[in-house]
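Both of the next two complexes hold subunit A, though its partner changes from subunit B to subunit C.
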Partner chain A sequence: MDQVAKVSRSRTELQMARSMCWHCQSEVAGEYFCEQCVKVQPLSKDQDYFTCLGLPRLLTIDTNALENKFYEMSRSFHPDFYQTKTDIERTISLGNSALLNTAYRTLKDPVQRAEYLVRLEAGSVKEIRNHPPADLFEEILSLQDDLEEFRAASSQPSADLTQLQAKLQSDRETLEQRQREMESRLFDLFETWDRVQIQAQPTESIRSKKESVLKEMRELLSNRTYVRNIVNDLVATVG
Partner chain B sequence: MAYSEKVVDHFNNPRNMGSFKKEEDGVGTGIVGAPECGDVMKLQIKVQNDMIVDAKFKTFGCGSAIASSSLATEWLKGKTVEEAGKIKNTEIVQELNLPPVKIHCSVLAEDAIKAALADYKKKEDGKETIK
Partner chain C sequence: MTRIVGIDLGTTNSLIAYMDGTTPAVVPGRNGRTMVPSVVAMTDNGLIVGDAAKEHLVRNPERTIYSVKRFMGKGLADVQSEVPYFPYTLHEQGGVIRIRIGDKSYSPPQISAMILKELKQRAEGHLGESITKAVITVPAYFNDSQRQATKDAGMIAGLEVLRIINEPTAASLAYGLQERTQGTIAVYDLGGGTFDISILKLKNGIFEVLATNGDTHLGGDDLDRVIGDVFAKDIRDQYGIDIVLHADDMQSLRLEAERVKIRLSDDFKTTVTLNLPNGKGQYRRDLTRDQLEELTLSLIERSLGPCRLALKDAGLTPADIDEVVLVGGSTRMPLVRRRVEALFGKPPHSNLNPDEVVALGAAIQADILSGGTTDMLLLDVTPLSLGIETMGGVVSSLIRRNTTIPTSAKEMFTTYVDGQTSVDIHILQGERELAGDNRSLARFQLKMPPLPAGVPRIEVTFLIDANGILNVSARDVRTGSTQSVAVKPSYGLSDDEVERMIGESFKFAAEDFKARQLIEARNEAEAIIQATDKALGQGKQLLTTGELTAIKSSLAALDTARLTEDHKAIRSRIQAVEKVTHHFAELLMDTSLKEALQNKKLSEMTEHSQGA
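Entry: the complex of A and B
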């Protein structure tokens, strides 16, 4: 845990470049309120959601602590408390609240959190596009053909749909199972990522491990999206 | 956000929807996907004497993705293989008036064209080596 705290601190220091209070020009370093004039300060648009919520860039998150932090920050920035303030302060309150809400919504959900992290780290991975899952595409196209057939047949009152319906329902179950497997593999990778991420001195082997974890996560995430879409179509059409 | 009239038109009356048999002579097939939204697009061309005589698509995704591929098949017909390779996603964006959040749909269509052309060329090259 100590190691995590260390990473967290050094990252925060790094990202919180010193700047000036918009109101009294005294130095501020990431505080929400200027120490001199107590005016609210804008959260930097450049900071990522982890930094915004005071978290290290790790995937295992204590959701209770996250929620508490979110409520605490919300209380500092909520537009309701700025109704009688100046235009600038009202604008800052709105901007900060919007950023905070998006950050919280993104990090709260584990899949969105992983998608966000992969996007953040994309610059450090050489190969931007993973090779398309040709087999999965074929499977999806063939299922879509079946769905089309099902839709066409269900508009005819005399058609016997039982067989096709049973097939599609069992396909749906198989795919849902696969989606669950992908998610559980994804969550396993959370631990791997955190383990390499907290290494203080990144060696070559750690860097390549990070790359391979990111790649696998990206592949899982995109395949999961394809599977989820076809599952949704199956549910909507066949039930 | 509203779709442009042209997108709605392609969505309601998609041109050239359907497919050819993959094994058919002169047919090139491109299947691509957008990992962000999970759209899947299949685009096929039928080539005779280096000229694209027919094109078909099947797209499972949003209206913009369907419109982009529908438009792409319209543009492909009558073009030579070389000309087809020059179709740019920016032309699709312009024609369909796609907003920034939908630009990736036009990229997907361009990728599908490229994949179909590559598949066609690969099949042709394979034929030559057999001869």
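Entry: the complex of A and C
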């Protein structure tokens, strides 16, 4: 009983702190600056990157608009503009800028954006497989054996590498094609996600649709990482 | 508002600039030259910096330090291959290189501080106000230790370093302000000791760095070295002399190689002349531009790899680059221009002076920080990935290279053993998988509450600030209390050491002041002896015998005092001479006044006759 009361009180305190200006204690009505004393306000650490950049949780993003928003917010928060301000304001500026930069970097890149969204929504995804499907796994294992063989052979001056090299290069092309297909499927799912996400009244069928999209995206992203890593390995070894 | 200056602390030359209204301007020296050679000479009469010190390179090679920037933030092992080329003795203490001059040792930040002080004094003289705050530029590819060492140098010089800014980005600010450059640009910066490539997007006053890369060991110094090696080999083959063993002649050779390289940017052929050691004659040969290009091609090719990597990291192809800007003296070489043009598929340009543009940009950044300029904003990146060493010596990456700064990453730490009270953390910078292949930045010990294994939860925040310098803080998640973290840099001066060096710098300043007083007193003594001798030659007949004897004996006393180290004694002897010659001066004055009047009349007459 006591415990519960304590938790709820600390939650109210937190909300109070968030809606109050750290400087003049007036209620903050402005977005980033106090409307009373014009001091910069800290961005909430619990804010997700979409909210931070004023975006709905959708995967199709107008990158030009995103960039403009990022530049505009950078002008509000960058430490360069707080050099002559108080220590507190400088600390807030540093923290806000760091959060903003991370948010922008994550959302700018479509793959990182999808990874982030899946992570954000993870609570609603059940039974996610965290290892690659068997066929991909076997393929990667056999490729790694070939790579090992190639590395061992290339350290011997007399070895004839042409055949092995040709095989690895063709494997690389196949895998790169595969990566492109995965990405293209991923971008199709962006549209599906956005379509269900904008529904005002989420029905049971929409909720399950969302879950299946998230699950497929997560699998695609994880498989893509495996494929990309082995491609990088191939490029580094064979060229 | 106190003025903030911009400083380009270069490997071979340094400059200081300020905002003159809305235009950045470089502070010129008394000779009109804006560049101060980054050379420090420790002479018997004290410290000399700049042009005067450069003369000591040949006269006094073991006590004259150049290219100290190459040693900033480095350990001895990092520069092992270059050590034979330097005439002074290097050793290491606490992970920091020290340069031994006589019985004293100096860290690279201390030497850099001497250059900074010279620049500071130059600006103070020019602007007529005291300078305490500065923005200092560093190569974009400088790691954390090198940036910190630069900051330390500023502190030792008595400057508050408000910002460390990357050289190519500084250059882009100058281009943005003065040339109204827009679009995607590549800044190719080949300086005296370092190479940087930065790719930026310039849009509506925002300067966003998309990617940067480089080589902190590639510059004009290296070009001079391959040229000089050819001369040294010639001399060995033709005369059987190993010039490497003669420190002073090696410096002449190095300087001649630099001059030859510079001449061949305009000429197609030039003659190399060098005096051989111990008066054994002269070495002469011709060198053509083709030969120079053959010698330097592989070094210049080395700069193209980082360019390709930067393009790749920015997700761009050469066709996406609207403009290529050249920065740094070495980009005057036609070969550099040709190779850069071939890579980017468009002719590069250097509309702004490639020697001054970085300092000008630093002055603009200084103006932004002081609130003067508000329409421009630089969004720079960290050049190298940052990570920590995990079990098995593998690096776990926390912040990727080319991430916009400021940026932060959080990592949770716990214990593996019951009651464990601390966890050791090793921070690294670099792109390799294994800890041993990366640059060790720092280590620290995280305090843990004595609890069962896995229960403590300490969240560590790694924050790279707008200077590209790492700050570490820790928080106990269970209690919410913050923990101070004492980070020990792997290749840097400790805070205590910097403090001590600031103190020493004041002591040096006092010694310098004493040395300067002595030099000034001696110069004055010399001048007064000469002037009196000359006057005696002209007007001895005006004096009584007694007066003449008194003057002569006071002159002799001054002549003796002049050779001592005591500037006060010299001063008092100067006063004595002035006293006994006072009457003589008056007599002379009368005579010369009469003469002058006569001359004036004469000149007036000529003027009239000319006017008529």
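Note that the second predicted complex is superposed on the first by the 214 of 239 C-alpha atoms of A that agree within 3 Å, B and C clash if a C-alpha of one lies under 4 Å from a C-alpha of the other, contacts with A are read in each partner's own complex, and residues count from 1 in each chain.
In this section, a contact is a pair of C-beta atoms (placed from the backbone, for glycine too) under 8 Å apart; a residue touches a chain by one contact, two chains touch by 3 or more.
None of these values were measured; they are calculated from a predicted model.
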| item | value |
| --- | --- |
| Partner chain(s) touched by A:R178 [first = subunit B, second = subunit C, both, neither] | neither |
| Contacts of A:N229 with subunit B and subunit C, given as first, second, both or neither | first |
| Contacts of A:K167 with subunit B and subunit C, given as first, second, both or neither | neither |
| Subunit B versus subunit C as contact partner of A:K215, first or second or both or neither | neither |
| Touching partner for A:R90 - first (subunit B), second (subunit C), both, neither | neither |
| First, second, both or neither for A:L141, with subunit B first and subunit C second | first |
| Touched partner set for A:K39, first subunit B, second subunit C, both or neither | neither |
| Subunit A residues within the subunit B interface of the complex | 130, 132-134, 137-138, 140-141, 144, 218, 221-222, 225-226, 228-230, 233 |
| Subunit A to subunit C touching residues, read off their complex | 71, 74-75, 78-81, 83-84, 94-95, 97-99, 101-102, 104-105 |
| Complex interface listing, subunit C residues touching subunit A | 1, 162-163, 203-204, 206, 208, 365, 368-371, 374, 377-379, 403-408, 463, 465-466 |
| In the complex, subunit B residues that touch subunit A | 31-33, 35-40, 42, 58, 60 |
